[in-house]
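You will see chain A twice below: alongside chain B first, and alongside chain C after that.
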Partner chain A sequence: MTGEVAAQVFTRRARGERWRIRARQLRGILRQFARQRSGVLGVLIIALFTICALVPDLLVGPFESVTRASGEKFDSPSPTHILGTDELGRDVLNLVVHGARISMAIGLMATIITVAIGAVIGIVAGFNGGRLDTILMRITDFFLILPTFVLALVLAPVLRELLGEGSEFFGIRVTLLVIIVVIGITSWASTARIIRSQTLSIRERAYIDRARAIGASSGHIMRRHILPNVLSLIVANTVLVFAGSVLTETTLSFVGLGDQLAPSWGQILAFAQSSGAPGIGAWWYTASPGIAIVLVVLSFTLVGHALDSILNPKLAGRR
Partner chain B sequence: MSAEADALARIVRRAGRTLPKLADPSAPLLQVTDLSVRFTLAQGHLTAVDGVSFRLDDGEALGIAGESGCGKTTTALSLLQLLPSNGRIRSGRVELYGIDLAQKSEAALARYRWREISIVFQGAMNALNPVIRVRDQIAEPIVIRLGVSEESARRRALELLDLVGIPTQRGGAYPHELSGGMRQRAMIAMALACNPAIVIGDEPTTALDVMVQAQILALLESLRWELGLSLILITHDLSVIAETCDKVLIMYAGRVAEEGPVSRVFTAPRHPYTQALLRAFPNIRADRRTLDVIPGNLPDLRDPPPGCRFAPRCTFAMDVCRVVTPPEVTMADGVRVACHLYPTPDAAVVEAPPIAQVGADAPDDDVDLSADNSNLRDADDDTPADEVQP
Partner chain C sequence: MGSRFFARRLGQAILTILFVLVVNFILFRSLPGSPERILLRGTRISAQALENQRDKWGLNDPLLPIDLRIDDQGIRLVDFPASLTDNQLVAYVESLAQLDLGLSFQFRGRAVADVISEKLPPTLLLFGIGEAIAIVIGFGLGALAGWRRGRPSDYVGTSVSLVLYSMPYFWLGMILLIIFAATLRWFPTTGMVTPGADFASPVEHVIDVARHLVLPATTVALGLIGQYSLLMRSAVTEVLAEDYVQTARAKGLKGDRILRDHVLPNAMLPAVTLVAINLGYIVAGAITVEQVFSWPGLGTLTVDALRTRDYPMMSGVFLVLSISVVLANLVADMIYGVLDPRVRT
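What follows is the complex of A and B.
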């Protein structure tokens, strides 16, 4: 009995030790990250927009619609409307803050799709090689050259028809789903290429032979030996893909492939353009979502590069 | 020891192990017969191992020596068919407890990998995954092969670390946090994870400094006695074999040149290649400075020369050597040698005069030497040496 208790205490202590080691490593990475000033700046900006995306109502009140517009048409910035109003009299600050949620959500989901497909295809193709590699890479090449807009134009009505106009999937409206799927489909290919090339190098290492000698299955080797080795690459890639996704979403919304009822930043820009805001000098209407987009993309890029220089051993020479 | 007593000892030693179902308790531990391994290249085929036979008994240590590229590692890897994808066993048998592994499919071989035969790879830094804790890497074969839980596998891994002399607290370290010697110990711990019958050491001490090398060899030696292991040690370092092995197999260009007990082969080398290898090795008691090198290179194995493959570099080479492949002859003292100088089991040892005469030390006294070289070269195939007495 006492032995059992002692064993439990031991495992609990071992677990505590494990967490302490893990925490120490995390602290080490954070300390290195803190030294990268641009990366810290990026994190701060992302944090700001994440707060906007999570609790927009607390910051600027509920989303303003046509009936709930709080000001006059095209009011220039003033204390009541810090960023002015749009053609319907809605507060632009209100729109931009609420738009953060949609832009960020689309970016996040498109990134998850991109990285998941890209990492799996990259690792499977790179590790197995041979004919499977050739087939997967030809498919990847096909998606690599696929033009985003044409695909979106074709897919949007098809998906809408298939899924039914106005229906929702996990709380995501079909029109948004189209954008997410289109971004996911067109951007995983480059991720797959990057992961594959790293996998090609790792599968030649002696420890992969050793794992085979042990009798490990291919699945086990890919999961336990290759994945942890390409993880840093995946993380750095994720952050950069996120920035790209936000940008693509903006472009697609701007050319009219977005959801009219969901004011993403691209959608706000599209409204501004169609209402003739640039022509009548309502610069606040176009500049606000524009600057928000630039800031988010820039900050994700900064964080991506900071992470890359920490996690990529080849760039870590300064340490 | 009589054959019966020998078989009995073998059964006793195996009693503690769970043998595969098909195992024959009276068969030798490992019997490799006429093994040939061929690689398919863009320009044709390369036979890296050509008709190699040897036997490993329970608790025995066999050293495989020879210069780079003569098929040592290929021989070892082919036992479990761990060859690169373009390599294949072409013929021959690899019998473990009398079960032929050469015929087994990939899936059927999994039962034997690591549980019966495991490998200590050369270059421990490369054979350990840099992003996985040492403890978890040692636990890996236990989980995969023995199907136990991660938790108990990890506990066993810590026991193994203790066994090879690594403090268990270091189990949570990553490979780069360990010293070279510790990493090699961790590799040995991993090889022992599933309690194998045979451990293959593929140059386990290469790239380690001499002190650590000695520690690793001492560890292998003690583990061998403690756990009743059988060892196959692949190395360039003849002194390592002299120190740790019972038997030695000298390979040249994919073939066995000479095989036998270490005490016999090293004191009275018969094959000219073995003699040359030993002369190319520094002798601590002699005061000479330069070592004899063997002129020339290995033959191109894509298109090997007919006859004896060592003939182009051999000081004794006769006409017959370039035409007829020498058969392997087991000499009266148990040494097997493939050389036309030794056509019968009772042929006397022929020693070459040293090439470089810089204070050559006297050879061992029980060896008949100073054979007349020119006489040998001219000699007929049937009577290669005039010393040969019936």
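What follows is the complex of A and C.
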């Protein structure tokens, strides 16, 4: 009886100790990160756009639809319309700030799917080895070599047709959902490769053998011993994948797979293109969403690299 | 030893292409609405006539050369091969082998293969030139940045590359179009030749195409330069850490000789391979840049097919692009194997 209580106390203490260690590690990482100027700049820009994505109404008022357009068409920038207006007379600043929510939400969800698939396949393949590893890596190579963007282009309309245009799943419009899923399905391969190679080296460590010796199952070892040790790699990779997802979303929307009623930055550029804005020199209409995209993608890339150099210092030499 | 490396690479490429075929087949067969409904849209026909049509088009044959039964006991393999000849997958691969990619919806029944081969040369022209410029400038910048790691020129070069890398290609194209075509009027805005122009000589024709080519090719080049210079920079950085560079320094060789004779030849190899591997990503840029400049190539064709739901065309473009990327990778692998025997393991 007392032994059991002692064991419980011990476990609780060990758990508390673990959290303290983690908190200390986190503080150390933050301190190192604060020293990386480009990473800090990236975080600031991301914070700015996150605010836009969270409360666009507070910043620029409600989203201007076709019927709520507030200006004349193709007005150049003026004090009332700082970034000018589009072909329907909508305020471009309004569109871009509201677009932040769509672009970043799609980017975030696509990233979660991408990293989840990549991490699971990487860990399972690397840990189990053998034929399973060979098969999974063949599939991974297939996705690495193929022009995945074209696969996405082909997959998106087929999925839309299958799910039914105009329907909704979990409150997400099907057009947006298809983009998220398609990006997720087509871009996990490099994540899987990175995670697998790290898993291969962790698998050989002594504590994995020890866990196995006391009877831990493969699933348990993968969850409790491998995953925590590849987590730093996953975090840095997630940030970089986000940059890629935003770019892919932009391109998919630009070629006509976006949602016209919930315009992302790519969809705004598609509007600009189809209205002939570049040809008549309406630079404000084209430049504004593009600059937003470049800033966000660049910031995530900078933060990703900064995190990578702190969390995975051994790999830093490769860059 | 060596030949086994090449045989394995070839085998992998063939496997990948087969995989592409199967994915393509399943993807487009899973569309709701069967092909004969699309072909006979709107016409009233009897059930018997429809059945005859289905027989004629081979739609009553099993889809795959395996017979899968799906019921409450799960998925079971009933028969293999169900029938090696009378199934739709084999029929599909057979017609592909004869370069028959089906008929386009959007071009009113023209053969997909014909349309694609017509649109291929403009794309090759645009990307050949853009790619060549990008390799020269991108590799140059990257080598310089890697060589002067940590100095101002590295800082500037890497920053510019990162910004270029973060830009959607097509946006870069739109900006160039606004500045140089719409505002300054130095170059035409769209197309490959001036519509309706009557050229006195072939030279004038070439000049006209070249004027149309400047902006899209610059866009392609700028879009790739960022990527290529980052690749080259990391390749050079890696080589600089090698022992033989240390040795060269110890021998007292001058900086630019070390760079030219010891670093660049060794950094070039991985960089070139990475260019081949990245081909798949470049295709995305290709499609959108053509769309911005209405360049009459494969990219514009793809977007039009997407817009008009021209499924046979989309499937054909997907096949052609995928297979060319796989083959390009195979060639790059082989060249790498010839030049650097260490990878042949």
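Criterion: the second predicted complex is superposed on the first by the 285 of 319 C-alpha atoms of A that agree within 3 Å, B and C clash if a C-alpha of one lies under 4 Å from a C-alpha of the other, contacts with A are read in each partner's own complex, and residues count from 1 in each chain.
Everything that follows uses one rule, which is that contacts are C-beta pairs under 8 Å (C-beta built on N, C-alpha and C of every residue); 3 or more make two chains touch, one makes a residue touch a chain.
Quick caveat: nothing in here was measured; it's all calculated off a predicted structure.
K.L.:
Mind checking the superposed model to see whether chain B and chain C fit together on chain A or clash?
P.N.:
Taken together on chain A, chain C would fit alongside chain B, as the superposition shows.
K.L.:
With the two structures laid over each other on chain A, which partner does A:37 touch: chain B (first), chain C (second), both, or neither?
P.N.:
After superposition on chain A, A:37 lies in contact with neither partner.
K.L.:
Look at A:27 in the shared chain and tell me whether it touches chain B only, chain C only, both, or neither; answer first, second, both or neither.
P.N.:
neither
K.L.:
Figure out whether A:154 sits in contact with chain B (first) or chain C (second), or with both, or with neither.
P.N.:
second
K.L.:
For the overlay on chain A, what angle lies at chain A between chain B and chain C, C-alpha centres, nearest 10°?
P.N.:
Result: 100 degrees at the vertex chain A.
K.L.:
Looking at chain A, does chain C or chain B touch more of its residues?
P.N.:
For chain A, the partner with the higher number of touched residues is C.
K.L.:
Look at A:209 in the shared chain and tell me whether it touches chain B only, chain C only, both, or neither; answer first, second, both or neither.
P.N.:
first
K.L.:
Figure out whether A:224 sits in contact with chain B (first) or chain C (second), or with both, or with neither.
P.N.:
first
K.L.:
If you stack the two complexes on chain A, which partner ends up touching A:273: first (chain B), second (chain C), both, or neither?
P.N.:
Touch partner of A:273: chain C, not chain B.
K.L.:
Please give the nearest C-alpha separation between chain B and chain C in the three-chain superposition, to the whole Å.
P.N.:
Distance of closest C-alpha approach: 16 Å.
K.L.:
What residues on chain A does chain C touch that chain B touches too?
P.N.:
On chain A, no residue contacts both chain B in one structure and chain C in the other.
K.L.:
Flag every residue of chain B that touches chain A in the complex, lowest number first.
P.N.:
Interface residues on chain B, with respect to chain A: 80, 82, 109-110, 113-114, 118-119, 121, 123, 126-132, 140-141, 144-145, 151, 172, 190.
K.L.:
Okay, in this complex, where on chain A does chain B touch?
P.N.:
11, 17-18, 21, 205-207, 209-216, 220, 224-225, 228-229, 231
K.L.:
Would you pull the chain A residues touching chain C in the complex into a rising list?
P.N.:
138, 141-142, 144-151, 153-155, 157-158, 161-162, 243, 247-248, 250-251, 254-257, 266, 269, 272-273, 278-283, 286-287, 290, 293-294, 297-298, 301-302, 317-319
K.L.:
Which positions of chain C touch chain A when the two form their complex?
P.N.:
12, 15-16, 19-20, 23-24, 27-28, 30-32, 162-163, 165-171, 174-175, 177-178, 181-183, 189-190, 234, 237-238, 241, 277, 279-281, 283-284, 287-288, 291-292, 302-303, 306-307, 309, 314-315, 317-318, 321-322, 325-326, 329
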